[in-house]
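Order of writing sets the labels: A, B, C and D. Residues in every chain begin at 1.
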Amino acid sequence: MDKNLALAFLAVFVAACYYGMTRTSKGIHIPIRRVPGLDAIEEAIGRATEMGRASLFIIPSGGFDAQAFAAFDILGYVARQSAKYDTRIIVVNGLPEAHAISQEVVRQAYLAEGREDKYDPNDLLFLSGGFNAGVLGIYEREKIGANFLFGSFYFESLTLAEAGSRTGAIQVAGTANTHQLPFLVAACDYTLIGEEIYAAGTYLSRNGAQIGSLIAQEIGKYVSIGVMLIGSLYLTMTSPAVRSLAGKP
Amino acid sequence: MADKIGIYLSGFLILAVYTYLFKPGKVYDYVEHVYVGFAAAQAIILGWKNIRDAAIRPLQKGQWVLLIPIVLGLLLYARFSKKMGYLARLPMAFLMGVAAGVTITGVIVAQFITQVRATMLPLISLNNVVMVLGTASTLAFFLFIPLGKQRGAGREANGFSPMTIMSNLGRATMMAAFGSSYGFIVMSRLSYLVARLQFLLGPWIHIIPR
Amino acid sequence: MRRTVPLLVGFISGAIVVAKYFIANKALSTWGTNVISWRNIVAAFALGVGSINLIQTHLRKMARKERGWDASILLLISLVGFTVIGIAKGTTNPIYKWGFDYLYQPIYSAISSLLAFMITSASYRAFKVKDWQSAVLTVTAVIVMLGAVGVGSLLYKGIPRWSQWIMDVVNTAGMRGITIGGALGAVALSLRVLLGLERGYLGGER
Amino acid sequence: MPWYMRIQSISKTAIWVALVVAFAIPLIHPLGMPLNITSATTAAYNLIDSLPAGSIVFQSIGFNPAVDAECWPQMVAISRHFMSKNLKVIYYPYMQEGGMYAERIKDSVAGDYGYEYGKDYVILPFKAGGETAIAGMKDFYTLFNTDVSGNSIKDMPIFQGFRGMQDVAAIVPVTGSDDPVYYVRYIEPVYHTPIVACGTAPLLPVIGPFVASKQIKSTVIGLSGAAEYEILAKVPGSATGAMDAQSMGHMLIVLLVALGNIGLFFQKRAQKAAGVTSNG
């Protein structure tokens, strides 16, 4: 029984993915709601520019996974904004693989804004052991006006976000690691929660495969909300308490 | 005797780690590197034991098919060569592909169907109402593609559309969930220090009576 | 070629596992079991990759006398020494056990106990009520913190009960929403990997 | 500096000293604070207590030294309970370090109950692969052919008549990791084996939904769970003695959060009174 349901689920899911991909490849626009934290990014960079401070983007050492990929999409956006406003951007990576990709992402962003001359590879850092201490050093040395923390955070989120907030920077963060969300929510001005960082990545990259799978997930969510509510209402109507209230045996 | 020395030594090692709180420096660095070295040794040893018991010994008994994972495993090390590096993609793709397949078989029933089913509850008690509405609204918070045309746009801006209400309710539920998570994380982290102090004040300098 | 073959291998092996689950077939079942056990073997090979990386990095550090190269010596001694003992004599050997009990365990646990200090000072600074959301976060955190230990019931008898209710009902509702959403996300990601649409892990270009 | 700013700017060092003092006093002089035994720990205890002697329990060890402050006291208390009830125990290190902790049980606890290795309990080897290793357990003997030291498990008395996970009476992970969720995904739907999840405190919020849906039967959580279990199973251990210190630590943090917020509140009021508008 459960297996048949699972198979049906998978079939619908694959079909929805396929549908979404073909729609985007045909250039049909699919509306995705904007995530509030994304608007904050532009505001934060604007503020940093006014104050003549740099922005800092941190991708932690937690994992080279889907969260990191979403972080790259967001990094691309942040880098473009920085290039546009001519604000310095410092990027810190905790993983060597991520470092290689962020270099490419930032360079591309500067290229897209026609500011390749302003791209400085020395502002992209890879910190292996002692990630925490390294980032804290950057907070001390540089004047940071906007602080971005995206990716798979572990215990380092606590110290980094707290130290960042003391520099007076606007902080926008996001992770799908629920165990770290309390700290980020407490210490940052805007936090992208869980799925929001994937959606933000999709929103910014407009990647067909990602939009396709977003559509499939949306269907899953609508269906589960519907089943939950309708199922619960049905159970309420048929529950002995309500039946006796209605005077039925 | 070896244990006695060990206990004294570990007390000093713990204090060496705590120098980090005042100034991260040489002492902390040395101690941390010893630990990282041991961790890497552990990974190598356990990896080797796994390979020996699950692949090499059965291979010696004639299970030739095990050559496939052995070759794939060895190819992982191609990444250390500039020329052959691309060969490491093969085992990577295998690792990711199987993990993806396994996840699909596990998640749908246990984490989706069963969980949705468990949220169908008769709404005749406060707990059930909170549970159903809390779960549904948390899910609604994560909806990114609005249903239908943008008819309710005006109401949405005022924050009165059903979607906004649901999504705010979801936010509130999640904040409460994160708050309670936080409480439990505090409990966990503090106990790490309690245990170290128990050791330092107990077996190390014997202030805590047995 | 260099991308297609790996993606094909990933797809076929993953598809076998999925097919084994949905279709009752003897051949599929054997192959599915095989593929899963092979993955565990390949994963065992992967355990050494990080260590080789580590050896490379620290040898380089020592050769160039970079900052902290003296600590690298300690790392390599501990790495090589314990690897030799562990492989030659097994992990139940007294020397290896001693290393675990009196070097590794105390250092590792002490490092993680640094978090107790950090969480205390950071909670003090970070947990400020700025809006209704941080208010909900702070209030539930305080109730749960007090309810989890004896002092809560000394302050007020109801606290453990409230804390239990928050955990059992409100937290479960919130986390269940996240769990269901997470399941959908995991399936979507797995499908993208299987179908070769997510290939960042193959490295380099995206 | 006005008072409301001062209580918002206590130095880090002062806070850390206060923390150590708050812990040390009750450790040296126990205060005897009450310990509230939760229904979850009671349910976990009752489930294990009700297993008939001779049944096989499967303990998955998913912790390492980073979190052993919570998990090790749990593992000792629960193992003692197993052994006092004459249950046969399979220890499986889900994490690399798990084998060493099982080894400690072998050296200390097992002897107290006259438990014989291979007959009454066994230690399986760590398996690389994480989630896939647990998924592979459905074919038990494909995954495991030796014990932790490389000896063949086929001839061990404990495995006579043991077909696989279907013959396990309860899965009891002690963990700071995700393995309980993997047993829920791969073992529970197939064999409906009861799972009692024990582990670090942050585990509870994550597995809460599975407990509510009965996919996990009950939990033993954090140091307080360990202390409760020690009391229920009447096996005094280190957790009970640590709970007073834990209480004081929680008090300190609550106090600090309160000070910070009172300070902020009056700071805002003073700013309003002075007509300063704050934009953030």
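Definition applied: a contact is a pair of C-beta atoms (placed from the backbone, for glycine too) under 8 Å apart; a residue touches a chain by one contact, two chains touch by 3 or more.
None of these values were measured; they are calculated from a predicted model.
Shared contact partners of subunit B and subunit C, listed by label: A, D. Counting contacting C-beta pairs between every two chains, the top pair is B-C. The most central chain, judged by the distance from its Cα centroid to the centroid of all protein Cα atoms shown, is B. Put simply, the C-alpha centre of subunit B and that of subunit D have 15 angstrom between them. Chain geometry summary: the mean Cα position of subunit A and that of subunit D are 31 Å apart. With centres taken as mean Cα positions, subunit B sits 18 Å from subunit A. Counting partner chains per residue, subunit D has residues 16, 19, 66-69, 97, 99, 127-128, 132, 135, 150, 189, 201-202, 204-206, 209-210, 212, 222, 224, 246, 249-250, 253 touching two or more of them. Multi-chain contact residues, meaning those touching two or more other chains, occur in subunit C at positions 21, 36-37, 39-41, 43-44, 46-47, 91, 100, 104-106, 108-109, 111-113, 115-117, 119-121, 123, 125, 127-128, 133-134, 137-138, 141-142, 145, 148-149, 167-168, 171-172, 175-176, 178-182, 184, 187, 189, 191, 201, 203. Those residues of subunit A in touch with two or more other chains are numbered 2-3, 6, 10, 178-179, 182-183, 185-186, 194-195, 214, 220-221, 224. Taken as a contact graph, with one node per protein chain and an edge wherever two chains touch, the assembly is complete, since every chain touches every other chain.
Within the complex formed with subunit D, the residues of subunit C that make contact are 33, 36-37, 39-41, 43-44, 46-47, 90-92, 97, 100, 104-106, 108-109, 111-113, 116-117, 119-121, 123-125, 127-129, 138, 141-142, 145-146, 148-154, 160, 164, 167-168, 171-172, 175-176, 179. Listed in rising order, the residues of subunit D touching subunit C in the complex are 10, 12, 15-16, 19, 33-36, 38-39, 64-69, 97, 99-100, 103, 127-130, 132-133, 135-136, 139, 142-143, 148-150, 201, 204-206, 208-212, 222, 224, 243-244, 246-254, 256-257, 259-261, 264-265. Against subunit D, the residues of subunit B that register as touching in their complex are 21, 42-43, 46-47, 49-50, 52-54, 58, 98-99, 102-103, 105-107, 109-111, 114-115, 117-118, 131, 177, 180-181, 184-188, 190-198, 201, 207-208. On the side of subunit A, the complex with subunit B involves touching residues 2-3, 5-6, 9-10, 30-33, 35, 129-130, 133, 178-179, 181-183, 185-186, 193-196, 199, 203, 214-215, 218, 220-222, 224-225, 227-229, 231-236, 238-239, 241-242. Residues 3, 6-7, 10, 13-14, 17, 64, 66, 68-69, 72, 97, 100-101, 104, 128, 155, 158-159, 161-162, 165-166, 176, 178, 182-183, 185-187, 194-195, 198, 209-210, 213-214, 216-217, 220-221, 224 of subunit A are the ones touching subunit C in the complex.
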